[in-house]
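Following this line, the structures themselves.
Shared between the two complexes below is chain A, which has chain B as its partner in the first and chain C in the second.
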Partner chain A sequence: MNWGIESATVRYGSQVALDGLTLQPERGSVTVVIGGDGAGKSTCLKALVGLIPLNGGTACRPSKKEIGYVPATGGVYPDLTVYENLAFSGRSYGIKGSAFEKRRAKVLELIGLRDVRERLAGHLSGGMQRKLAVGLALLHQPQLLVLDEPTTGLDPLSRAELWRVISHTAAQGAAVVLSTTYVNEAQRASLVILLSEGRSIAAGSPSQIIAGVPGKVGRVKSERQPPGLAWRRGGIWHTWDLSKGTPGEADRIEPDFNDAVIIAELSHEIGITR
Partner chain B sequence: MWAMTVKEFRQLRRDHRTFAMMIVLPVLMLVIFGYAANFTVSKISTVVVGPQAMTVAAQLKAPFRVVETDPKLGISTAKSRLLNGRAEAAFIAEPGTTQVLMDGTQLFSTETAEAALGRMAQAARASGTASPLSFSILYNPRLNTSWVLVPGLAGLILVFIGTLITSLGVVRERQSGTLEQLAVMPLRPWDVIAGKIVPYFIVASLDLIVIIAVGILLFGVPFVGNVAVFALGAVFFLLVTLGMGVLISTISQNQGQAIQLAFMVMLPQILLSGLIFPISSMAVGVRWISYILPLTYFIDISRGVMLKGMSIAALLEPMVLLAILAIVVLALAMLRFRRDLAPSSRRYQSAMAETRVTA
Partner chain C sequence: MNALAETRRVTLRFGELTAVDSVSIAVERGETVGLLGANGAGKTSLIRLLLGLIPPTSGEVLLLGSSPSVKSRERVGYVPQTLGLYEDLTVRENWDFTNRAFGLRRLSLPEDLGEIRDDLVGELPLGIQRQVAFAVAASHKPELLVLDEPTSGVAPLSRARLWNDIHASAEAGAGVLVTTHNMEEAEQCDRLAIMVDGQMVVSGTPADVVGSRLVVEVRSEDWRRAFELLDSTGLVVQAHGDVLRVPAARDAIDEAFAVGGIEATITMVPANLEEAFVMIVSERSAT
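Let's look at the complex of A and B:
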């Protein structure tokens, strides 16, 4: 059986946080869980690594030694230096001696924090702290790496650097799962799961999700919002029409991933199940 | 200003624990400590031995409460009763003279006894039936307050370090988001708790040595007993206070709550442990609280060893009770901690069990 959660349901009291969600990340690739605030992204990742018990469904995960996890809230000790943080992780996973030194050097190189290795983690910038957190989770070479919104609030450069680390880790053979609110980041994944209210409203590779868009998508150059379902893309409007005829006055276009995500959200809102 | 007041009240209402602390706690404390804070000793447990024991025991009035009378026993038994804390005063009634021995570690009882004996002698002189009475105080002959306070204060300082500082430990992890990381690491809850306790244990032990050394050098407090017995008691006591700190930490969401709870645990220990007010003078309704506080037993041990030179056999009761408290507190802390560290494995196992039943 693959790692992951199947038909997983998680309830917080009467509130359903995860509703029959299936997430099975593959080794050697990046899986992205995307959704708005409160969609259930964190819950989904926590359930995946075993931080939250499931109320329904099944979970299959590797042993704790094979899991790396970075919580959304940080996950580094601010009153320890970069080196000391790494030393704690190393000891906790039983990595010792020259093996540890080798791993530490590799991780520091990868996350680009070699020059600040003696600095307190609390004195690092937000981006550096995130990179350190990812580095700590990578130290023991996990087979399943789970990152909760690793790039939220970071500048574009730090985001790009983090993505380099993430892609590198997947290329080494690990299954990487991360959550994000940025659509363009999801496009880099080989598997995307779009979450809304704890349910998967679209899943597949970005191209599969685009191909699965029902109806027609058009574009309208207009100052005012055209009638029907429409959203702004820069200076123009994109429209979505489920009827058979041509979409009003709009020129028909091929939807991109951004459109596909918006359409998935819209269909969920107006109650169309695919 | 009104906006601020309304906001502040709303926030206060959300934090139930603080709200309860502000309203319930002062009343509760006042009632408990009002009944406990009592320097007046009305009962002094007394043994009467020696050939004239029956006559002397019959003459003794309050505050002396005779718990044992035996004409066949002598001064050595009387001393051992005082040593083991079975009695605070001993009368050795010989023909023609009576010797009174007091336990000097019981400051207030001894002072009360001294005053009562003075009154008795005066009354006897007035009625012309005076008999010679010799009075001596054991263990703390000059009734030095510092001799009695230092062994107790050492325990109190350990409570401060152990409970207050340790209580912040897990909460800090929770707030910085590292607790979740610990939960996915291949660490057992016991590893984490022990790992958290050990550094504080070492620091607190060093602290204890310094405090006792300063007490001996500066206040001339004696240390007549066995260091190993004292050390054993200190280890049990430290385990309880450190475990309490971890327990508080696991049931608090933030550092503020942890500090509040730590104070709620420390205050009763200061006032109800016998450190300041004698336990025997407390109202029965609050006295039982004393007997669940670890400091009560540590004070028994530290005063017993340092001032009286009590053996481990004589201190068996407080030792065993401290050990039991340590086990209970650490077990509770670990159970609470498991909920934070291994939530899913438990549920997962039960889910597996269910599927096996249905299949």
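Let's look at the complex of A and C:
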């Protein structure tokens, strides 16, 4: 049976944070949950790793020892050095002796922090702290690695370095699940879940999501907003037309992933079910 | 005609540290300029210099034609990453408060904020809060808008709507200066300026910044083995689904695959903006 959550519902009091969500990550690849603040991304990941109970639906996950999880903030002890953080994490997973030393060396190499191993985690840059947090979660070689917004606030250089670690972990066979608000990051996944108000409003590989776009997408070069639904792409407009008739002033184009995600959100907003 | 905001060979030192190193940048009317750089590259210092919040060690800063002052700052709208709204006040109260601070009489609230006029800002979703912050900052029709990561944390559709608003302000004649780490946002700008270690290293349209840079694209039956092969050689491999992209010379990759005995289709493809940015910053930092 696949790991994941099926038709999962989570309520906080009267508020529905997760509404019948299904998320089944595949081993050896990267799954990305994308959505804005408050869409339910953190709840979804916590439900996946078993940090919060479900009010409905089912969950199937490996044993705790095979899960690595990094929350959206923190995940490291700022008053401990990089080495001490790794030692602490090793002990809490019961990795000892030469096995620990081997893993520690491997992880330090992977996250590229060997030169700063004696530094306090709190004195590292934001990007290095995120890498350390991921390294701590990788120490015990989890089969399911879950990262809550690992790249938020990072510059593109740190983001590329972190993605190297993410892809490496997936290439080794683990199922990696992460959340983001960046469309170009979601586009790098094998499986994307677009979340809004606790529900999945589009799911599949990036090319499947693009192929599922209903209606016509066009481009217009104009200073004024063209009629209907339109959004800016630098100096031009992209438009979306659901009507069957002849296209308006827009030149028809193939939507890209960015368009597809915007259209999925618009469809959800105006009540088109896909 | 003068630029809206301009620095001429401006330098800022903090003791031994040079935060901004002889930087010249100009923001003209009606244009959107994206200021990019790694963390610590000097973007925030440059913006503080432009607004006159700190004096330069040397060089000249012109804001709306003269040295920055309280008077010229009145003609600037600024949205910090933390938004600068009062969470315990309603949308309407935030709007009125800011307008009064700028000496304006009760301007009517924009139509699209009507529905949420009496909601406490702190209780609104972040995407809406960002839209409110932008509307409030733009309410006194500033000639220059300075936006720090304007769509950080918001959903793609909210991001698209905010950029519709930002472009509309520029088309009405304002100059817009945006700092961002998000390349989707950078691609919305007319012009980009990239800082590395306090220096301005590249300036131009997004297409100019990418230029003729290429990356190697690798497609293989088994992307995992291909990734491990390239990763172990120390190359910065980026996996996009099962396609690998590497900012490196093709020879090195052909050789790695010949030695590794894995079949792969290897082609050169144009770099995207994110890849170009990483290449530019890495090249500069290495020298």
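By our rule, the second predicted complex is superposed on the first by the 273 of 274 C-alpha atoms of A that agree within 3 Å, B and C clash if a C-alpha of one lies under 4 Å from a C-alpha of the other, contacts with A are read in each partner's own complex, and residues count from 1 in each chain.
Keep in mind that, in the parts below, contacts are C-beta pairs under 8 Å (C-beta built on N, C-alpha and C of every residue); 3 or more make two chains touch, one makes a residue touch a chain.
Just so you know, these numbers come straight off a predicted model, no measurement behind them.
On the shared subunit chain A, the superposed partners chain B and chain C are arranged side by side without overlap. Applying the stated contact rule after C-alpha superposition, one finds that A:Ser14 touches neither chain B nor chain C. Set against each other, chain B and chain C touch different numbers of residues in chain A, with C touching more.
Judged by the touch definition given at the top, the superposed model places A:Gly50 against chain B, while chain C stays out of reach. Of the two partner chains placed by the overlay, only chain C lies in contact with A:Ala171; chain B stays clear of it.
Residue contacts after overlaying the shared chain place A:Ile262 against chain C, while chain B stays out of touching range. Shared-chain residue A:Ser92: touches chain B; no touch with chain C. Between the C-alpha centres of chain B and chain C, as viewed from that of chain A, the superposed structures give an angle of 100°, to the nearest 10. After superposing the two complexes on their shared chain, the closest approach between C-alpha atoms of chain B and chain C is 8 Å. Interface residues of chain B, counted against chain A in their complex, comprise 176-178, 180-181, 183-187, 343-348, 351.
The touching residues of chain A, counted against chain C in their complex, run 28-30, 34-39, 125-127, 152-161, 163-164, 167-168, 170-173, 181-184, 187-190, 196, 205-206, 223, 225, 230-235, 258, 261-262, 265-266, 269. Contact residues of chain C toward chain A in the complex are 37-40, 125-127, 152-158, 160-161, 163-164, 167, 171, 181-184, 187-190, 206, 223-225, 227-228, 231, 236-242, 272, 274, 277-278, 281-282. Residue ranges of chain A in contact with chain B, taken from their complex: 46-47, 49-54, 58-59, 63-65, 67-78, 89, 92-94, 136-137.
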